[in-house]
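I'd like to ask you about the structure that follows.
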Amino acid sequence: MFSLTVRDHMMVAHSFRGEVFGPAQRLHGATFVVDAAFSRAELDADNLVVDIGLAAGALRAVLSELNYRNLDEEPDFAGVNTTTEFLAKIIADRLARRVADGSLGEGARGLAEISVTLRESHVAWASYRRVL
Amino acid sequence: MFSLTVRDHMMVAHSFRGEVFGPAQRLHGATFVVDAAFSRAELDADNLVVDIGLAAGALRAVLSELNYRNLDEEPDFAGVNTTTEFLAKIIADRLARRVADGSLGEGARGLAEISVTLRESHVAWASYRRVL
Amino acid sequence: MFSLTVRDHMMVAHSFRGEVFGPAQRLHGATFVVDAAFSRAELDADNLVVDIGLAAGALRAVLSELNYRNLDEEPDFAGVNTTTEFLAKIIADRLARRVADGSLGEGARGLAEISVTLRESHVAWASYRRVL
Amino acid sequence: MFSLTVRDHMMVAHSFRGEVFGPAQRLHGATFVVDAAFSRAELDADNLVVDIGLAAGALRAVLSELNYRNLDEEPDFAGVNTTTEFLAKIIADRLARRVADGSLGEGARGLAEISVTLRESHVAWASYRRVL
Amino acid sequence: MFSLTVRDHMMVAHSFRGEVFGPAQRLHGATFVVDAAFSRAELDADNLVVDIGLAAGALRAVLSELNYRNLDEEPDFAGVNTTTEFLAKIIADRLARRVADGSLGEGARGLAEISVTLRESHVAWASYRRVL
Amino acid sequence: MFSLTVRDHMMVAHSFRGEVFGPAQRLHGATFVVDAAFSRAELDADNLVVDIGLAAGALRAVLSELNYRNLDEEPDFAGVNTTTEFLAKIIADRLARRVADGSLGEGARGLAEISVTLRESHVAWASYRRVL
């Protein structure tokens, strides 16, 4: 199995609802350093998992929908706790949609899996992995 | 599949028995930067893999049983080579016990897997992964 | 010259005023991984720059005044752009006050300099260095 | 499942053929920081995944066949795009051969899997994982 | 003293002349992860060392003159060993020129110093620091 | 001012004397990831700060005198607290001696300064800087 990973980041504000979150119930923020890993069983004719430029561009496009925003005010997340693990899934699903619509090139249709990791600090991170 | 990882560290002394260990047969030491990853198929009602505060606390508690110690003198490890890979299993198993006894919260009973990585330097690390 | 550095982090929301900030004029957030470095010409009688436990505690105390907050609503920062470089100075100055009031131990009175670095992502960070 | 990883690096020149590669069609170069991970279900009698000295030596030997070279002129890679993901497989396969021929010790015959990751920058890396 | 640092990278081929370089006399390559640090005594009216967008853009522009190239064929470097430390100076000097010509904004004229670090692997890096 | 840094590591056991050290008064250990930085005003005729191979070799040689040892039993450190900051000075001084005796090459006599950083974990490190 091959994989290719590209890294980018976003900076968002949000708050959480529920006692389990303690002081994170207050409006605060995070830098998420985001690693998007694309996997497949065999390389394409160019010896690539996916065009790295298109992959990085797709990640940037997906993050730009969230970057420099207060997630509490995003209609998509109304009433939802936008935890690190939840956002990993949102980003993975949105990347999957871009793979499906051809944004990552025709070759990307051979991709088998996407895994997204969000690093919220030097001591904590979360991931979501899904098939395509 | 979702995962959440927390990082902490411990500083221990130990020595190894067996020619394969070369100079590491002498009493020496290591800082182990420890990453504990908890995984599950679906998030809980709060959109969490596990309460990150309880997870970090459980890791700290498990490491405090080993931290600032000479492992050669720990009864639990009598006659045992406390290699990095062996310690990864010890820590994973002790975290699993804490999941089972409820220390990581009721929601943590939905966890499927634990993976523990010990980084012993910038050029070597070891992991152990197990189901719950 | 000797130095000792301890690392911690904080997660805040804020917004900026001024066209130069582009999309960062919107309410957003950041994780700041904070490195506080203490320097002096000679070690103390214990061969220390400063008691690392007290240094880490002082950094944690200073960060807890900012952590999990919307800096736009903090009276101390009314009408101020809480840029990364500005926050580096705030934290350095607050640590300096704690050195002066004895919170880092009597030995810390021998410290000559404090330098604070805030990492806002994997591609950007800012520092402030001052004498004591 | 246990794993042990060792890290080393190589510095090579190469160029790519195909419009998908854009400016990387020109002769350029890369430092690849290479992580080789060895996995197995149970530890050996010394509590090891593999002798770390032999593992690091095998990785160094494999990389030395590529290091400080222009890959465009290597007969093994004639007419081939030596992408990061392709090189990950080359290195994993060559390590697998060394496991099979006993270079990593008799105990290494218990290894189940090799995974090789090549980091080409702080924002991109590729991996290949195979069974033994 | 305040500083702001931005990170980017470039991937180049080159070779060295002189026995001291050993196998690096052959054509090979490197990824240089480049950190450009800008320093000044006081922040500007926006509480900035320099506009981070303009700083990142200037670094990208300077690196694009070298990226994806064989430095042995660049007229600027004819007969010169393009060592890591030498390239750090080239990049610092070219950034200094952009500060002087206003590319980093009017406020950047208050900058006092530039320091450039090139990381060539996980175990080696070089820097050049100069006044403005 | 130019600098070149090389990284290596050592794994030692030791204990501390004095209440300020808390649990670190027990015999424990540490991995120190060691960065040795060599500085000078102008490059040599090869465009080098120092021969990187000789620099890395000198660092390895200095570390091998300490590596895989219990520092409490080293005659050089009898009755001394081998703190991270103290060890940084020991290593810098021993490197300086090697510069002086020609071990880093004739060109190394142009070096102006050595700085040594010991990283004891992901959250703490210490440095010592001296002139040559």
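We just call them A, B, C, D, E and F in the order they show up, numbering each chain from 1.
Keep in mind that, in the parts below, contacts are C-beta pairs under 8 Å (C-beta built on N, C-alpha and C of every residue); 3 or more make two chains touch, one makes a residue touch a chain.
Values in this document were obtained by computation on a predicted structure and should not be read as measured data.
K.L.:
Specify, for the interface formed by the sequence copies chain E and chain F, whether it is same or different in terms of residue numbers shared by both sides, with half as the dividing line.
P.N.:
Under half of the interface numbering overlaps between copies: different.
K.L.:
Give me the C-alpha superposition rotation for chain B onto chain E, in degrees, nearest 5.
P.N.:
180
K.L.:
Hey, which one of A-B, B-F or D-E is the same interface as A-D, over half the contact pairs lining up?
P.N.:
The chain pair with the recurring interface is A-B.
K.L.:
Taking each chain's centre as the mean of its CA atoms, which one is most distant from chain C?
P.N.:
D
K.L.:
Distance from the CA centroid of chain C to that of chain F, rounded to the nearest Å?
P.N.:
Inter-chain centre distance comes to 27 Å.
K.L.:
As a quick test, compute the distance in whole Å between the mean CA positions of chain A and chain F.
P.N.:
41
K.L.:
Indicate the whole-number Å distance between the mean C-alpha point of chain B and the mean C-alpha point of chain C.
P.N.:
Distance between chain centres: 31 Å.
K.L.:
Which positions in chain D are in touch with at least two other chains?
P.N.:
Touching at least two other chains: 7, 122-123.
K.L.:
So in the complex, the part of chain F that touches chain B is made up of which residues?
P.N.:
7, 9, 11-14, 23-24, 26-33, 67-70, 120-123
K.L.:
Residue numbers of chain B touching chain A in their complex, please.
P.N.:
By the definition above, chain B touches chain A via 1-8, 43, 46-49, 51-53, 56, 105.
K.L.:
What residues of chain C sit close enough to touch chain E in their complex?
P.N.:
So the residues of chain C touching chain E come out as 16, 18, 20-22, 80-86, 88-89, 122-130.
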